[in-house]
Amino acid sequence: TPETAERTSVPGVATGLAVTGTGGDVLFVEASLADPESGAGGLTLTGQLGDVMKESAQIALSYLRSRGAELELPVGDLKERGVHLHVPAGAIPKDGPSAGVTMTTALASLLSGRPARADVAMTGEVSLTGRVLPIGGVKQKLLAAHRAGITTVLIPSRNEPDLDDVPQDVLDQLTVHAVSDVREVLDLALSPAEARERLAA
Amino acid sequence: TPETAERTSVPGVATGLAVTGTGGDVLFVEASLADPESGAGGLTLTGQLGDVMKESAQIALSYLRSRGAELELPVGDLKERGVHLHVPAGAIPKDGPSAGVTMTTALASLLSGRPARADVAMTGEVSLTGRVLPIGGVKQKLLAAHRAGITTVLIPSRNEPDLDDVPQDVLDQLTVHAVSDVREVLDLALSPAEARERLAA
Amino acid sequence: TPETAERTSVPGVATGLAVTGTGGDVLFVEASLADPESGAGGLTLTGQLGDVMKESAQIALSYLRSRGAELELPVGDLKERGVHLHVPAGAIPKDGPSAGVTMTTALASLLSGRPARADVAMTGEVSLTGRVLPIGGVKQKLLAAHRAGITTVLIPSRNEPDLDDVPQDVLDQLTVHAVSDVREVLDLALSPAEARERLAA
Amino acid sequence: TPETAERTSVPGVATGLAVTGTGGDVLFVEASLADPESGAGGLTLTGQLGDVMKESAQIALSYLRSRGAELELPVGDLKERGVHLHVPAGAIPKDGPSAGVTMTTALASLLSGRPARADVAMTGEVSLTGRVLPIGGVKQKLLAAHRAGITTVLIPSRNEPDLDDVPQDVLDQLTVHAVSDVREVLDLALSPAEARERLAA
Amino acid sequence: TPETAERTSVPGVATGLAVTGTGGDVLFVEASLADPESGAGGLTLTGQLGDVMKESAQIALSYLRSRGAELELPVGDLKERGVHLHVPAGAIPKDGPSAGVTMTTALASLLSGRPARADVAMTGEVSLTGRVLPIGGVKQKLLAAHRAGITTVLIPSRNEPDLDDVPQDVLDQLTVHAVSDVREVLDLALSPAEARERLAA
Amino acid sequence: TPETAERTSVPGVATGLAVTGTGGDVLFVEASLADPESGAGGLTLTGQLGDVMKESAQIALSYLRSRGAELELPVGDLKERGVHLHVPAGAIPKDGPSAGVTMTTALASLLSGRPARADVAMTGEVSLTGRVLPIGGVKQKLLAAHRAGITTVLIPSRNEPDLDDVPQDVLDQLTVHAVSDVREVLDLALSPAEARERLAA
């Protein structure tokens, strides 16, 4: 969609799905790494995140700090450069663990320089070992993805039974991947490394 | 106006617009960088800022820490020198995300040495990637800008429809720019780099 | 069981037992160590842990920091690498001291590189000298272990009398070890060191 | 007056004016810099100061950290030496932004070694760029200054209209300076640099 | 007793006495020092300790930091090695100053390598200069010590009059030492240095 | 008196006077400096001190950090050695600014190695420049000093009028010094430097 295309046009932004008071909605997780010359360090979290969602961010970061080298990500960047995760809109309180995959993807996108694919949205809790754990609100989230023009949605394997509740015509227009490890999420959600080189050309 | 001219006569001050209990008002964001010899570090925020507004300041700072070099700003200054953002009046509580563009402009003005233009006021939330997100109170803010003698106002693109609510005679006397990236804000709000040299001459 | 096998297939995950509002349940404690290049330090705790459970994590870590060398664990890793302990599910509040043995086992598994055995679950408070102190809910915890396909359960020696309350057919299908020192737990719960070498081969 | 003479006889003490439950009162702001050999650092604030008044102290310090070199103050002292600002009496809660000029003067007095003039009292909020902003209670503050034997009072320019409320016989005995930049305050309130040399002779 | 013998068999554990809702009880204070290679620092306190009891731990530590060298304790260990004091059971809240002597003894035992004597229990507040100050609950504490098979109890000198309330047959089976300086406590409660060498042989 | 003699027999303890619910009482302020080898730093405050009393301790320390060299005190000790101030009894909450002179004396005693005189008690707030400010409860405090066998009491000059309320027979048995600078307190309350040498002989 135009909006997700615009938002995810730079590395560091991933498209998530949330349940709100009035249904579901698309949500963007933005990550930044400070210029090492600017002297920043540590992890900054903004977007009026609740306790559970702040913990999701810490889990996403620790996952990459402990497993990032296996994924060929330059984890040394996390040492010298302050990490900031933000979830607009700034004034709206948000909570829950289901943005875990989205936060991990935003950070991995930033570290790898591979933008997230504009047609992919995702939802799922992440554990410290990278397992994707089930979340709530699958129906509302898929309806919201569909409304936003998303064509591919990633959900936790253990949420597959919830697809029964989603209207068939919506499912027909979405490619849904059920995943159990966050590495599958990264494979499906990040643009291929080649894409980056093409952009730089 | 005399007041905005006086307030923005030095780099580091930008003119924002706020909604108050009794309408709208002009508000100044002041930024300072400590002398490196004075040993200060980190980010200090004052002006009885609420949680959302404090997060806006962190976003503005992280935006410049991660993208400042692209903008040819000397981000190394942020390492050695304590940053302080203050929003007078000191005793009045303030909150909300809409000063994001103003905070980014005040900091960029300070780093670049380019004073903000005295005839420009602005409002808009900023995301970590520099996108300008919509805010509330466009009508009250434009009325306040007009009352204060401001001639140019910067608003988020997604707030353009709100201009319909602003009296035509006020719009006639204002140049309104609808922006979607904070780089547009910096281009429009900061005095040209030449101006600084002229001052130094 | 398939789930515990999957969860404990990597070093750093141990299977505990908890009392919940509706009986007992199996719970996984996950530990990670940051890549030294990533610059992380200190102890991060997530999973909506209550005060007592956070203290259990500190005790588990201090036990290994003071006694780990005797156990031939590479405690120097704790200096250079940030430690993170997480207990999914992320949104469910948890408290109490009875995950002490599980936390100690998860950390020792990570440091030793020896995965925890998939057929073993455990419960018990740990003191700073490594003594295993009694806990509550033995009956519910053993029923939960049995339901989850666990075949070996470790309980504190001082809880042996509580086995009288457990149905005989459940006890018949479980091997229960009553332990008084956490070193016994590590001996029984971690895969032999050889296993690791075989995996690496 | 004897008391203000005694209190301001050493560099680092400035005389302010406050509104209390029963009218106005003279108040002293004391500043100290730790001996570099004593190893102290940072900013310590005492005197049961409220949030707004603590922010005033941070603003005063940042103003001097960013502009002190222009004022020929030895800002390097702020790096190596812990700064302490205290407002007696220790048990009386105090708040509000109007001691900003007094705090700036106390610190500048300490850094310059120039004692504050015993016959001068002051009130005014200070912004981060050194602007003196209006405050409340001008009438009560001038009556208090007069009662305490003060002969010169510094007030914000924007408070000049409030002088209409002050009894003419009190105004006749006071020299009132309306100031808009804190540099004017320092010029009027600090003893000339020569005075210090005379004392040292 | 078997339990105190087991608990105090290693250096770093001392036997205290507490008043509980249902009378008195024996309580163990455990201390650990992190392996210097593990990189830990500072003081960690666990066991759901209240504010007063946390302060007792700080006093015990500061006493040893300032007077330990006189007592021929290797206080340099406190620099390089994180100190942890824990009072099981982990889930039971505890408070009050009367574990001061027990905390000091546990730490001194750890530093000296001399285990605490298994037949000795103690109660008493400690001041920063090592004075033993009076506490409450002497009767309940001595009854609890007697029940637990303790044969020697250390109490503050100023609590000697409270011995009148203790049943004579209990007093007949206890050796009670009234002490006024914590050095007397250490002399009476720690095994002789020779004992350690014998153990090491 | 025997108790004050015993308590003040070592450097670092000074005798203060407090108002309690039931009249006045003698109170001891204890100070310690950690062995530099033990690695402690900073200021630790214990004794259930309220906010105002904690600020008094910070003022006492800053006074000595900024003026200690003039008083020929070895302020470098404050850099390398953790400072701890404790006011027994540990479980009794205390507050108010009137222990300022006592805290300054305890610290100066410790730094100088000169014990406080056992026959002297004191009360008074201290400002950051060392001025002794008035306090409450003079009558109750002098009665308490007299009951405790104290023969010399130091009070703030501005409290001299309160002596009218003290019974004449009590005043006849006390030497009362009214002081306005904390240096007078130190001169009157600390044993002469010679005394220390005599003790060391």
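Should a chain be cited, it is by its letter among A, B, C, D, E and F, assigned in written order, with residues numbered from 1 in that chain.
Everything that follows uses one rule, which is that contacts are C-beta pairs under 8 Å (C-beta built on N, C-alpha and C of every residue); 3 or more make two chains touch, one makes a residue touch a chain.
The model shown is predicted, which means the values in this text are computed figures rather than measured ones.
Counting steps between touching chains, the shortest path from subunit D to subunit E takes 2.
When chain centres are set by their Cα atoms, the one at the greatest distance from subunit B is E.
Farthest chain from subunit D, judged by C-alpha centroids: C.
Spacing of subunit A relative to subunit B, judged by their CA centroids, is 30 angstrom. As a whole-number value, the distance joining the C-alpha centres of subunit C and subunit D reads 60 Å. Chain contacts: subunit C has no residue touching two or more partner chains. Tracing the ring of inter-chain contacts outward from subunit D, first into subunit F, gives the chain sequence D, F, E, C, A, B. Taken together, the subunit D residues at the contact with subunit F in this complex read 6-7, 10, 12-13, 28, 30-35, 37-40, 44, 46-48, 82, 84, 86, 88-91. Contact residues of subunit F toward subunit D in the complex are 41, 51-52, 55-56, 58-59, 62-69, 75-76, 78-80, 96-97, 100, 125, 127-129, 131, 133.
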